[in-house]
Structure formats: C-alpha cells, structure tokens
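Next come two complexes built around subunit A: one with subunit B, the other with subunit C.
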Partner chain A sequence: MDENASARLARRALTVAHRVGLFLAMLLICLPGIWIVLSSLRPTVEIMAKPPVWIPQELSFDAYVAMFSGIGKGGIPVLDYFRNSLIISVTSTVIAVAIGMAGGYAFARYRFRGKSGMFLGLMLTRTVPGIAMSLPLFFVYARLGIIDTHFGMILAYVALNIPFTIWLIDGFFRQVPKDLAEAAQIDGCTRWQAFWQVEFPLARPGIASAAIFAFLTCWNEFALASQLTRSVNSKTLPVGLLDYTAEFTIDWRGMCALAVVMIIPALTLTYIVQKHLVGGLTSGAVKG
Partner chain B sequence: MKGFKPSAPILLLLPAFVVLAAVVLVPLLLSLYSSFTPFRLTRPETFFVLIGFRNYILILSNPDFWWAFGRTVLLLTIALNLEMLLGLGLAMLVEKATRGQRILRTLMMFPMMFSPILVGFQFKFMFNDNIGLVNNALQSLGITQDAIPWLIESHLAFTAITIAEVWSSTSIFAILILAGLLAMPKEPIEAARVDGCTPWQTFRYVTWPFVMPFAYIAMTIRSLDVARAYDIVKIMTDGGPAGRTELLWTLVGRTAYSDARMGLANAMAYFSILLSIAFTVYFYNKLAAARAQIGAEW
Partner chain C sequence: MATVSLKKLTKRYGNMEIVHGIDLDIADREFIALVGPSGCGKSTTLRMIAGLEDISGGNIDIGGRVVNDLPPRSRNISMVFQSYALYPHMTVRENLGFSLKIAGAAKDDMDRRVAEASAILGLDDLLERRPSQLSGGQRQRVAMGRAIVRDPDVFLFDEPLSNLDAKLRTQMRTEIKKLHAKVNSTVIYVTHDQVEAMTLADRIVIMRSGHIEQVGTPDEVFSRPATRFVAGFIGSPPMNLHEATVSDGRLVFSGGDSLPLPGQFKSKTAAGDKVVFGIRPDDFYPTGHGLSSGGETEVHRVDLPVSITEPLGNETLVFAEFNGADWISRMLNPRPLKAGDRIGMSFDLSRAHLFSAETGKSLRS
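Now for the complex of A and B:
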C-alpha cells in the first residue's frame, strides 16, 4: 500500500518536473524573440531607462511608422530593401530548385560512376565560408561590373543553395517508389511524362519545403550580401539592419522593428514547412 | 534508349556543375592564385606579381592568426558539443510531451528563422552592459550590483558569443534528433524494459545507437555552415576587445576589406576553407559509419 503511494508520488513528481523543464526550455528559446517584439513597441526612453522599466508603460507602433515613412523622417528605405530581398530570394530559389530537381533526380534514380564522390564534392562547395567566398567573388564581380546588381546576388545565391537543395530533393525522390514510375512507363508514358505525372506530384511537398529552405537561406544571408551590395539598388534586409547603427550608437528600437519585419515572413514559411523538412533531411541521409 | 541512359544523369547534373563551377570553383582558383601575390585592392598592378609562399609564411608566423585559428576550433568544439547535448535533451523533453506536440515543435524551431546577423544584434542588445536584458535581470534580482561587462571583457565576450551561437543552432540538432526518436521502433525499448534494464541502460544501449545517425546528420549539416558564426561575431564584438574574440573568418574579413590586403586574406581564407572541409568530411564519414551500424541492426 505504502509502496504504491510512493510510486504514484514519484511519478507525479516526474511529470511535474518534465512540465517545468519543458516550460523553462521553451521560455529560454522564445525569450530573445519576445524581447525584440516588446522592445520594438516601447519608446527609446524606456529601453534606455536605468533602473530598468520591466512593465511597459506605453506601447506604440511609432517605430514601424517611422521606419516606413522614408528617408529624412527617421526612416530607412525599408521598402526598397524589402523589394530587393524579395526579388533576389524568390528568383534564386526558383532557379536553385529547378537545378536541384534535375540534380536530385539524377542522384536518386541513376547509378553512375563516382556518384558518392560527386555527392560529397557538391556538399563541399557549400563549406566554403561566405566571407572567404566573398573575396574572389567581389573581385570577379567588380571586373564584370555586376556588383550591386540583382543579377550578381541571384547568381551567388543560386550557387549557395544548389548543394543543399540537391541533398533534400534527392531524399524526397528516394521516398517515391521506383515501381510507380516504371509502371507508368509500361502503361505507355515516356520517362518525361512519368516524371511529371507520377513522381513529381508525389515528391511535391518535399520539393516545396526544399524551396522554402532555400528561400530562408537567401532571406537571411549576410556575409556575401554585405560585400556584394552597395546601395538601395540591391541591398537586402539583413544588410539594411546596419542602417540603424552609427559609429558608437545603435537605434535599438528601430532595429527591433526591422527585425520583426524580417522575421514574420520567415516565421510563416517555417511553420508551413516544419513537417516535411525533417523528413527530407533524414530520409536522404539515412537510407541513402 | 540503352545507349542514351548512361549520359542522362550527367546531363541532369550539368546545370548544377556549371553554376557551381562559375560561382564557386573559378573564383576559388582565382583566390588561390592571388594568395601567391601581394595583391592589394588599392593597387591593381600588384595582382601580377608572384611572391611564392610569402603570404603563407607571413600568416604562419603570425601569432594573431594562430590565436584566431585556435579560438575558432575551440568555439566550434564547445558550441557543437553543447548544441548536441542540449538538442538531445530538448528533443527528449518534447518527445515525452503528450499534448501540444505541433506547437512545441514549431517553438523549438523558432531560432532557425533568425538570420545569424539578427541573432548577433539581438544578443548584443541583451548582453549590453548598460541596458541589456541580462544585466538588468541580474541587477533587479539583486545578484550583482555592477554592470557586468559582457562583450567587453575577453572571456565573458567569448562566453556571450558561444551562448548566442548555441541558442541559434541547438534547434537544428533538436529537430533532427526528435525525428530520429519519432522514427524509432518501440519494441526494442519495451524488450529492454522487460529484460530489466534501468532507464539509463535503455537509453545508452538502445535509444542512443539508433539516434546517433540523426545526430551526425545534424553535425554534417551544421558543419556545412559553421561559418554562420562569422555574422554573429562580426556584430557582437567585431573581434574585439583588442582582437580577443577574433575568429578566422572575422580576421579574413578585416584583412581583406579594412586593410585591403587581398592576397594575404585569401591565404588565410584557404585555411578556413580547409578547416570547414575537415569538419564536414569527418562528420560525413561518421555518418556513413553510424548508418552502416543501424542498417546492420535494424
């Protein structure tokens, strides 16, 4: 009897401990984000206050209004940055996914010599740190005159995303049974038709998540963008964050507001993609 | 049809190779060449002067470079191990949760959406010695009266950078290890329990070997992208105070763009590239080994 009671107590204690642990972990993960949102809504005086003001006295959207009200009124050309980011990210994602689909399909469906070596080689091109990459690219781009253009950034980002896109899409094509496409071919489809009619629709969710992942990489990239962009012609949002810094001071409120603007699209997309993303990463690598 | 087949994969891979050759390979060869010249951006004619290995000798005999190199390896070792442990813990916490799995999983991925540069600014803000969240909290709780100079004192700055790095990348480990836990068959665990294993033994000899390949996938993915830390360090301390948190990548950036010594910077860049490649190949091999082990057991 006593033993039963103590066992029950131990289990309850364990459940509570688990809940508390989970709550603390999630709090730690989310705190920086919450803090940014909160700071973007508070007046600068309150952010700078000493002793600190813990409970916000007044919340306002002033920082957002100022940010969008253009140069000279305390704003930065955020709409230009946003447009640049969007154009560059979307275009390079589309191209990278098209190329990645071809490559991933080749790795998933064909046997050929030097396959695993080629795969590793592709991955290794991704290991070159952005900053190390930016030196020769800067030089080449300067010669070609495509510094500070959308084209230059798109080209760089396509190359940046291809290896990973191939890895992901390879994994998703592996999940589609080979027999299906073969059956379609026996029924009279060409290989091309079998791909578009059978294999592509089945792998589509995975390809979509590979696309979102590529998009996020472009959306967040900084090391290359900071060197290859110069003006509102091609500056992206991550580089735009620097506009809020001066030599010794930083406009924290404005920066937090811009950060929120940057995160919202990323947040939405990641929420959509979360389920497929992990499946693609692991199936390709474990079953390969 | 049969004669066409062997060339099909090559044809399909061709666009990928062309783009990578144009944007990665050719510039890399160019930078390899320029690492043998005293090239300065301000003096284009220096591009054609060959000086042999002088750049390499220069950096190899430069203690600052070795400090940066050592610091980079140290940061990666600490960060990757911590991320792995925390990610494992987090994944197991989330896996045990009976309700709200989807929300928990999304929350878990929260840091992945942050641009590394954003992570840098965010932690710079939070670790600010005057108005930062961390010091404010410590002072309000009465733990300390002084403003702790995070980001200014060298060891604290290194700690702060590690925390930022760990925060931003733990979720990659957590999400992949969680995928491993969810994919794991339940029978072996039950069998182990019936046979009288303690929870620790069950974890050590049943769960862990199964989850290991997933952890190595995470390691491989992370090591493809280790230089993310550049953005964070660049923003948080920019290598300061007095070069005490300088990593290979920030050193490369400074040499190239502030000092405009491209040749020297490219020589350094080659070291950081080799470092990344070493990390990636190492984990890729580990992954292959772990995968073979699983394949044999399950």
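Now for the complex of A and C:
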C-alpha cells in the first residue's frame, strides 16, 4: 500500500471514530431527557425495576390523562401552575432584559465614577446561592404581605436575573464598534435613534441569549419558589412537581409527565429564539 | 459648501490639555490636510469639528454659523472613518441611503441620490451586498458614497486609507482627488502619512503636541519649513538634520567636521550660535548625480566614504559618512557603489536650512 492510500484510510478511520465518539457523548447528554420521557409513559414497577428496564414493555398516556383530570382523580391544577409559570417568567424576563439593556449599554459605553466597583458588586450578588436568600426573603415578604403573589415572585426573579443580563448584554454592546453609533449620529441620528437603528440590531443576538437564559432561570427555579408560593395563586410548575409526593410514596410517573409538560415550552422557545443567536453579525463593520 | 474657521480651539481631558487653542481658517472648497505624528491632536480636532467631542474652549464656525454646541446631525457635515464604520446589518444600498431615510426623504428622491453616488464611485454591482461581502477598497468606496449622498457642507476624512494595502492606497488616493474635483466641497483630511497630505491637499496643516507648527501649500512646507519639526516630518527620505555651532563663517559639527556657513544665513547668525543644519537628500548628492543641472550657486564638494546604499531602480539612496554620522543622499542616474567606496559628494548650500537649536524655528526669513 502506498503512503497516500494509507493516509486516506487513516483519515477515514478517524472520521468514523470521531462520529462514534460524538454519538456516545450525545447519548450520554440526552439520556436523562429520554429517561424522563420514557418514565412518564410506563408504570412505576418498571421505573423502579432493578436492573433497569431499557426497552419499555408497555406504553400508556395514563399519567398525562390523569394530570389533566381534576382534583381527586389523581390530577393536579396543572393549567393554573402553567399560567403562573408563564406570567411570572415572561414578565420578569421582559423587565430583566429591559434593565439589562440599559445597564449593559451604560457599562459598555460610558465612563463614570465607581463603575468597576458597581460592576463587581453586581457580579458578587451572584455568588450568594438562591436558597440562602430564601429565609430572609420569606421574612421580608411576609411583612410586606406579598407571599404567594405573582408580584412577589416577579420581583425576586428580576433581582435574580439583572446581574446576569447586564453582564451578558454589556459584553455584546462592547463588540459593537463605537464608530458605528458615531457614524449614525453624523448621518443625522439622535443618540436615541443611533441606538435603536444601529447598536440594538447588532447586539440582538446577545439580548436574545440573555432573554433565553433569564426565561429558563425563572421557568426552572425551585428553591425560592417553593418558599414564597403557597397555593394555586402563584405556585409555578417546578413547585407543582411536589404535588406528586405523598407522605410515603412518590408518583414518579406523574412527576415525569409534568416534567415533560414543563420542558416542551422551554424547548420550543429556545428553538424559536435560536435563529437570533447567530453571532458574527458585526463582521465587516470595521476594517477587514 | 462652506468655510470652516477655528478660533482658539481647545480640548482638555481633566487637567490634561490635548489641543492648545489652535486657530485655522479654511476657505470654501479647499482641501486641507491635518498631518502629524500620532497623539498630536489632529484626530481630536477633526472630531471636535464633527461634534463627536465636546470642545473645552474656543469657537468652531462652519459656513458662518457657530456650531460649538450643536450635535453632529445639525452641522451638515459628513465623515469617513478610518474603520469605515459601515452598518453591517444593512446592504450597501441601505448604508448609502441611511442618512436620507433618517431625514425622511421621499423614496424616489432617495433612489435617485443613491444611484448618483453609486455611479460616481462605481458601486452599482455591489448595491445588494452586505459590508462583510466587500473587499477593503470596496468598503472604503461605500464609506465615501455614504458621505457624498448627504451632500454636506464639509467632508471630514479620518485617516481613511490607513487600513488599505500600499497599492490600493495609491489607487484610492487618486479616487479621493477625483472625487474632490467632482463634488467640489470643503474637505478636512486627517492623516499621519505625509505623502497623502502632499499629494491631496491644497494646504497642509502640520500639528505637533496639540499645536499647529505650520500651515502652507505642499510646496511651502516642503521648501520653506518653518520649524525643525516640519523639516524632519515632511519629505521622504527625511531631511538630514545635524546640530552645529557657528564659528568664523563656518558651521562646526560636534565631531569636528565643518561646512561653510550658507551665504543667506550670514547676517542672521553670530559666532557661537547653536543651530541645526538641515539639507534634503536631493540637495546633497554624489557629484554629477544631482537634481540641479548647473544652476547651483553655492556648492561645497567633499570626498566621503559610502556606508550603505539602497538601490530603488531609478535612483539610489546613498548613506555617506560625514562627521561620524550617516547622511542620506539621493543619487540620480545611479551607478553601482559599494560600502567603503569614497565618492565625491556635493552640498548645495543655497538650498540648505538653518534652525535655531533653542527654539527650532527657521532662521530663513
């Protein structure tokens, strides 16, 4: 065999190995998801079986049917939870992104006294785990009478997300060359117009990713929500999962079914927004 | 079209003064180049004229209107940035028409003016492309097109060619010159490249450390530099500049070698004066290989060793050793030379310059 043929063979073998490796890695990553979907479709015996049953014997949608079939028949107020989750997550995401845009832009573009201290302070708030704040927050909320309200949850989540959205959006505005806003001002824009016409469209991928992250944080948050919500007034889906735990038993199948219901909107949203995540839009703006 | 006039224009950042009260009058339709080394305040001056920097003192007047506190959009200027600053999310057509869109121009008026600009700059085939799909030269042309479309009183150029390679730069330089002839408007052009300034400008403003050193036509700043700095900055290869002391009708250099004091400076110097002697490579040449053809009135000849040569084809730069230093000379109709050769060199002293060592000012009146 000549050198070229063996090199070609080696390259092909490498490609195959590459793909097999990737497949295994993806399988590992997807396994919990697949397991949740599978578990929602089969009886508890099979879920708890040891060794695990990989190929399900029988599949049924009983858990989904039960979930939506009212209190007393094994159902939970899933529609209420869903509505609460949606209202709380969407509202707090919109507010956090709006504030994040203003803050991120200011940090990226302006020089002011105490800027780095302020930025560091914002980042430091992220080092406090959410669960550590839940008790103090509970007392404050109890005094203010905003426990078990949408407003209380939105307030908590906005505060939780703002440091992150500011940090992320700041980074994206930094990538938009300052010259562009100046060129726009010379072209007749006010400062405000220059922002909306030029800088905002270019930072959009960053703003979209900040929005996704903020939304998912709210949508999946459990620690704070489990303390600050009480009833169908404000309970979110992750807290709703607890409805499937009784004193001595856990309805794993029902819990998994609700988890699937939770995952679907998040997945859909991410899919819709991902086209805005295409980076590299600024390439070609300045020199080359 | 408009005149531009700067009066005592000053820029301070905190306690640091960057531009120290400069005065400059630019005539209608004039092409002015601001040159100087980096950090001399030329870009800051341009940005103050554009309204992108606040001014700390003085006055800016465009077309007889004081614009000190007006935002950029109210000054009726347009600017070409060093980075081009094209809007990456818009096509070339949208980039060109952006200022008209913001001004609320009618669709057909916008189309007409974009078409005019693209015809002038040869952008017709590129109108639907995005900036990322253009080469450096094309981006540069779009940036200029965007400036033309506005039909401004004053064009501002901030080092527009410094991101291009040497060949394209020469080509775009010609295009800018043609463009100025076509649109016939006032241009303020910032560059650190003295060749660009010399080739393009009607008048050149040489700046250093926030001061104006000299304002003059390319010929004036080349033949009659007002200061030692201008003498060294303008001209390529640069002027030979060496310190000397006037003594007994001669210029004595630190190494002990001396030259006769050029006649025109005899009345302007006294024995013991510290001066800087300057002579351009064109006026210091291997005997018989110079520019002037017998017109010299005051030539001093001396044999010098060659330390290095740089052949350029039509001419050779010869570094000759005099007074312990290498002096650059330009050899026309070159013949082969090698290091160590001794050749006859001519100083055309009638074209030499003398500057005060203390103030740097020219002693020529």
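In this section, the second predicted complex is superposed on the first by the 237 of 288 C-alpha atoms of A that agree within 3 Å, B and C clash if a C-alpha of one lies under 4 Å from a C-alpha of the other, contacts with A are read in each partner's own complex, and residues count from 1 in each chain.
Just so it is clear, a residue touches a chain if its C-beta (ideal position, glycine included) is under 8 Å from a C-beta of that chain, and two chains touch if they have at least 3 such contacts.
Quick caveat, the model's predicted, so the values are computed rather than measured.
Once the two complexes are overlaid on the shared chain, A:Q185 sits against subunit C while remaining clear of subunit B. After overlaying the two complexes on the shared chain, residue contacts for A:W196 are found with neither subunit B nor subunit C. Of the two partner chains placed by the overlay, only subunit B lies in contact with A:C30; subunit C stays clear of it. Taking subunit B and subunit C in turn and counting the residues of subunit A each one touches, the greater count comes from B. Once the two complexes are laid over each other on the shared chain, residue contacts for A:F61 go to neither subunit B nor subunit C. When both complexes are overlaid on chain A, the residue A:V158 reaches subunit B alone and has no touch with subunit C.
In the superposition on chain A, A:L216 makes contact with subunit B only, not with subunit C. Contact with subunit C, but none with subunit B, is seen for A:P177 once the two complexes are overlaid on the shared chain. Counting contacts by the rule stated earlier, residues 281-282, 285-286, 288 of subunit A appear in both its interface with subunit B and its interface with subunit C. For subunit A in complex with subunit B, the touching residues are 18, 21-22, 25-26, 28-30, 32-33, 35-36, 39, 47-52, 54, 98-100, 102-103, 105-107, 109-110, 112, 118, 120, 122-133, 135-137, 139-140, 155-156, 158-159, 162-164, 166, 216, 219-223, 227, 238, 241, 250, 252, 255-256, 259, 262-263, 266-267, 270-271, 274, 277-279, 281-282, 285-286, 288. Subunit A makes touch with subunit C in their complex at residues 177, 179-180, 182-190, 193, 197-198, 201-202, 281-288.
Only residues 50-52, 71-73, 77-79, 81-89, 98-99, 102-103, 130-136, 139, 146, 150, 163 of subunit C touch subunit A when the two sit together in their complex. Subunit B contributes residues 5-6, 8-10, 12-13, 15-16, 19-20, 22-28, 30-31, 34, 89-90, 93-94, 96-97, 104-118, 121-126, 130-131, 133, 136, 139-140, 167, 171, 175-176, 178-180, 183, 213-214, 217, 220-221, 223-227, 230-231, 249-250, 252-253, 256-257, 262, 265-266, 269-270, 272-273, 276-277, 279-281, 284, 287, 291, 294 to its touches with subunit A in the complex.
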